[in-house]
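Letters A, B, C, D and E mark the chains as written, and numbering starts fresh at 1 in each.
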Amino acid sequence: MILAKVTGYVVATQKCDELRGSNLLLIARLDDNQQPMKDKSWVAVDHVGAGLHDIVLAEEYFALNSERYRAMSVVAIVENVFRDR
Amino acid sequence: MILAKVTGYVVATQKCDELRGSNLLLIARLDDNQQPMKDKSWVAVDHVGAGLHDIVLAEEYFALNSERYRAMSVVAIVENVFRDR
Amino acid sequence: MILAKVTGYVVATQKCDELRGSNLLLIARLDDNQQPMKDKSWVAVDHVGAGLHDIVLAEEYFALNSERYRAMSVVAIVENVFRDR
Amino acid sequence: MILAKVTGYVVATQKCDELRGSNLLLIARLDDNQQPMKDKSWVAVDHVGAGLHDIVLAEEYFALNSERYRAMSVVAIVENVFRDR
Amino acid sequence: MILAKVTGYVVATQKCDELRGSNLLLIARLDDNQQPMKDKSWVAVDHVGAGLHDIVLAEEYFALNSERYRAMSVVAIVENVFRDR
């Protein structure tokens, strides 16, 4: 999983059935100083009710409703990161 | 999923049975300014009727007809991207 | 899937049962000018009878005979690429 | 699997059911000199009781309790690395 | 699959059940001149009895004993690479 920040969202009316009803969040991967990295953005299905500017955990291939389909997903909202290299 | 632009298509008559009848789109990943990135192109199976120059969402390992087979797929056509870093 | 060129092959007699009888092609990913990229080579199982110098589509985790095993695979021979950024 | 060092942990109370009860470790990939690489950090589910500063093996898509869900996971604590290029 | 050279091994007594009894090889990806690339090392489960300095094929998510678990694996020992760009 990567640490990321929610930086926006995506509107898409024509989409696969498996994505219907999903919120599609735009997320940017964080560097070691917790800043969004340039050109490291993805779109992820929200599983936890995340909002704009939240720090989240995103997993690349998480199961959607059916086991057959996997998509990048926001799987947790992060409250605190403890880092001690 | 990545944000990408449809930049072309691929013609291939000799292909795996699982790809028969699929449209194979050439897509280029977008940077944070919504511009196609150099040498970041993939070929994806179209699941949503996307056309040239459309902005789309692409997922790397999406199930094809059978659960056994997965391939990069265009899973949504994007109408709008809201971005607020 | 990536666009790649078949640049060689690999001989391996000691291999997993799942790879027996497979042709192992050396492929190099193509850049936006259809040229092989430096140090972007993989070995892929041939599913379509591709030959040296063919332009092909390769998928990273394609099912082998059994659903359990997946390996990078050449899944189509490309005749034409239409590109219009 | 990658060699990584545990450099911290993540606190997240709102998370997917599949992650409940899991320790979420912050790990940094090691370079060839066994030093953490800059901006190459991930968050992984601990399966082996790893602690801060441990050298570990991490696998990107390891099954969680249910087969349906996979997440980056710490799967071993490393005692020794023998390297002879 | 990638071409890699076995450059060492890893000792880990605390590990997931799925890795018990496995040899954990340290491998370095090869560049187009068959030389190990800097900081491109992984740890892979040996499925073919590979030894130090062998050139091997490694697949990132290969099934372990159970279908549920996948890990990077050495799946073949390479005798010869024919390359003709």
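We adopt the following convention: a residue touches a chain if its C-beta (ideal position, glycine included) is under 8 Å from a C-beta of that chain, and two chains touch if they have at least 3 such contacts.
The shown structure was predicted, so the numbers you read here are calculated from the model rather than taken from an experiment.
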Shared interface partners, meaning chains that touch subunit D and subunit E: none
Relative orientation of copies subunit A and subunit E, as a Cα rotation angle in degrees, nearest 5: 145
Centre-of-Cα separation between subunit C and subunit A, whole angstrom: 31
Subunit B residues counted as touching two or more neighbouring chains: 60-61, 67
Chain contact topology (line, ring, star, complete or other): ring
Order in which chains appear around the ring, subunit A first, subunit B after it: A, B, C, E, D
Footprint of subunit C on subunit B - complex, ascending: 7-16, 18-19, 24, 26, 28, 36, 38-39, 41-44, 52-53, 60-61, 67-72
List of subunit E residues in touch with subunit C within their complex: 1-3, 31-32, 37, 47-49, 57, 59-63, 67, 75-85
